[in-house]
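Look for subunit A in each of the two complexes below; its partner is subunit B in the first and subunit C in the second.
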Partner chain A sequence: MRKLFFPAVVVTTVMFIVVPILIVRAPYESTMGLVQKIFYFHVPGGMLLLLSPFVCGIASIRFLMTQSRQADRVALAAAELTVLFGVLTLLTGPLWARKAWGVWWEWDPRLTTSLLTWMMFVAYVLLRKYGGPGSEKLAAGLGIFGMANVPFVYKSVDVWRTLHPKTSVVPSLPPVMASVFWSAFVAFCFLYGLLLVTRVRLERQRDELERLYLELEG
Partner chain B sequence: MLMRTSVAVWLLLVAMLVVGSSGWQAVVAQPARQPSLEGFVPAEELGNAEQIPAVPLVLTAYGLVWVGVLVYVWLTWRRIGKVETELQQLARKTKNP
Partner chain C sequence: MNASMSQFLRVAWIVVKKDLTVEVRSREILYTTLFFSVSCVLVFAIAFVRQGRPLSDAAAGILWVAVQFSGTLALGRTFERERHTETLRALMLAPADRPAIYLGKLLGIFALLSVAEVILLPAVTLLFRAPLLARPLPMILLLVSGTIGFCAVGTLFAAMLARARSRDVLLPVLLYPMTIPVMIGGVMGTVALTQPEPQEALAWFWINLLVFWDVVFITLSMWTFDPLMTE
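Up next, the complex of A and B:
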């Protein structure tokens, strides 16, 4: 894993230099114009906001079934990253909406369910920070609940009447825009992977520190 | 009979003339097209002040993404540094109690 870490850092850095150039060169969307370019960062961020709860939920199930400390570390790291990507998505979305819809925020099903998912993972992180001993099991339940909520967020635009663009937008992109979008998505996935590995490492070190303190006292 | 028909034709012609001239007057008297005060207003009729500029919104969005990621990386880096320092101090303590 350590051998792969530095090449991954290099690849991610290169991608985050190249992708903005690709975005600038991408053609303007005919109806929205320049503001549509927010889409290239907003949507990959949103996709990770929906994928990260699965990492957290699956790790939480594994933790509850096997009591694996590593699974708990992964769940905590993924919950924290859900909060990060949630912040990025929920802040960049209104900037696009201001131009496209004329308002910063609308209590639309997609926006509301995304906000609720983000709040669930904020609750997870707060529970882990201030919940005291045993909070990891409660938090695991919350992580599973957060994961179960994701399909509703994803399908909300197709099921309910909504202002938000539907799930069919990405598959119907013209090839030039699609290549830029998927490059940005891959760059975000690399970033997510790196942050997850780093965050898990931090938790492992904290566990080691706790073990040493207990050894010293005992 | 012929007299009645010619009177009827004359009356019809006069009526057509009156109706036609009033229609023409209505067209001529129509006020110039004004932008409506409520309801639909075509985008090209809006002043510059009514339009939201896209550049600041796009730049703010990208700025927020970069700042958000960099702040998170910096916070994680700082937390790792703190834990590593504490680990080293503890390792020294266990070596030289």
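Up next, the complex of A and C:
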């Protein structure tokens, strides 16, 4: 854990001190006011929710091709982080939506895609937990399909009318808001990376412990 | 067509023939799936038809939910039978291309579900007074492409889960979120066709999307079937 101590301090400082100050100082959005600030939290979470399946899928492909245990650990960690960032996004989204649209939930492409991606990876975690021996291979298959499914889910719900702000919102932000947003995003990415590394490490230590037990008994 | 391709198709055909022969002799999965799908539709009819007036657009959803439920049942049973009689291992040991075995299994389950749909389609039409057969060609193509998509993912997952613990619970848990795009495509396409003014162009859009989905997911399944089924 010592190696990870310094990065952990940096990420914690950025997440708990720098970004909150930046968010407080950022100007109020003209129509939504204070509520808009949830955006600095919600959007980076949502971006990672939709990026994390690709980490899991690519690691799963590597695992199936090379049988590398490390790739399997990365896939597991990425799947769990998809669930975690999914919870963050799916909880903060309705808070904003209630204020901005007047409803908690809407079957809009981006919301539906996020919810279904989240559900697929909850299924992944359930499989890992209750699948018994050999489930890491099944889970790799699920990870690959989960990754491939993200664009399909998006496309198939895209035909419905959309309420959610488009991706074009981010590039068109006023410079002050954009700099705050990107700092929040970078902080989230660091958090993601740190959690991923820590989780992979934990899994490696579990394997090591298992190996030592077997050695002792054998 | 070159030799390896015809060999591939021959293996797939042998697997289909084997499954259908077993099924014709016992009719276990066929009868249970048919009965289950009809009872599903009846339960929905009791819930959603009041004084002879069904909820609007309910028929499309119910048709696809019934297909999905009976499909899950058939998938689970097909591989449970293989596992129970130890023939899954024999199938994997056979000196044949694994993707060909996958394709054979997929076609067998597709054939079974198609028979169920032949019963389901008129049942839903009658009980929900839905004009499902007003435009037969797009309706049949929707069902075919949607069912293939569902079976493509389902066959792979059911095969993978055949050896896992708590497979009965895990199959729907994994399959339902994964096949949501197929369900959206199928339901939306069917809704478009059952409107008072059928929107055929919209239905064709969904058929195209479903076919694209089928191609991607069958390719992906064939590619992953071999490494996933290796012990």
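Note that in this section the second predicted complex is superposed on the first by the 196 of 218 C-alpha atoms of A that agree within 3 Å, B and C clash if a C-alpha of one lies under 4 Å from a C-alpha of the other, contacts with A are read in each partner's own complex, and residues count from 1 in each chain.
Following the convention adopted for this analysis, a residue touches a chain if its C-beta (ideal position, glycine included) is under 8 Å from a C-beta of that chain, and two chains touch if they have at least 3 such contacts.
The structure displayed is predicted, hence computed values, not measured ones.
> After the overlay on subunit A, what do you see for subunit B versus subunit C, clash or fit?
Result for subunit B and subunit C: fit.
> By the touch definition at the top of the document, which applies to A:141: first (subunit B), second (subunit C), both, or neither?
second
> Is A:149 in contact with subunit B, with subunit C, with both, or with neither (first, second, both, neither)?
In the superposition, A:149 touches subunit C alone.
> Considering only touches as defined above, state whether A:178 meets subunit B (first), subunit C (second), both or neither.
So A:178 meets neither subunit B nor subunit C here.
> Would you sort A:9 into first (subunit B), second (subunit C), both or neither based on which partner it touches?
Neither partner.
> Quick test of understanding: once the structures are aligned on A, what is the angle at the Cα centre of subunit A formed with subunit B and subunit C, as a multiple of 10 degrees?
The three centres form an angle at subunit A of 90 degrees.
> With the two structures laid over each other on chain A, which partner does A:209 touch: subunit B (first), subunit C (second), both, or neither?
A:209 sits against subunit B, while subunit C stays out of touch.
> According to the stated criteria, A:18 is in contact with first (subunit B), second (subunit C), both, or neither; which is it?
A:18 contacts neither subunit B nor subunit C.
> Looking at subunit B versus subunit C in the superposed three-chain picture, what is their shortest Cα distance in Å?
24
> Kindly list the residues of subunit A that each of subunit B and subunit C touches, one partner per complex.
No residue of subunit A touches both subunit B and subunit C.
> Can you list the subunit B residues touching subunit A in their complex?
Listed in rising order, the residues of subunit B that touch subunit A are 52, 54-55, 57-58, 60-62, 64-65, 68-69, 72-73, 76, 79-80, 83-84, 86-87, 90-91, 93-94.
> Give the list of subunit A residues in touch with subunit B in this complex.
20, 33-35, 37-38, 41-42, 45, 84, 87-88, 91-92, 95-96, 98-99, 102, 191, 195, 198-199, 201-202, 205-206, 208-209, 212-213, 215-216
> Which bits of subunit C are touching subunit A when the two form their complex?
153, 156-157, 160-161, 163-166, 169-170, 173-174, 177-178, 180-181, 184-185, 188, 205, 209, 213, 216-217, 220, 224, 227-228, 230-231
> Going by the contact rule set out above, which residues of subunit A touch subunit C in the complex?
Touching subunit C: residues 64-65, 116, 119-120, 122-123, 126-127, 130-135, 137-138, 140-142, 144-146, 148-149, 152-153, 155-157, 159 of subunit A.
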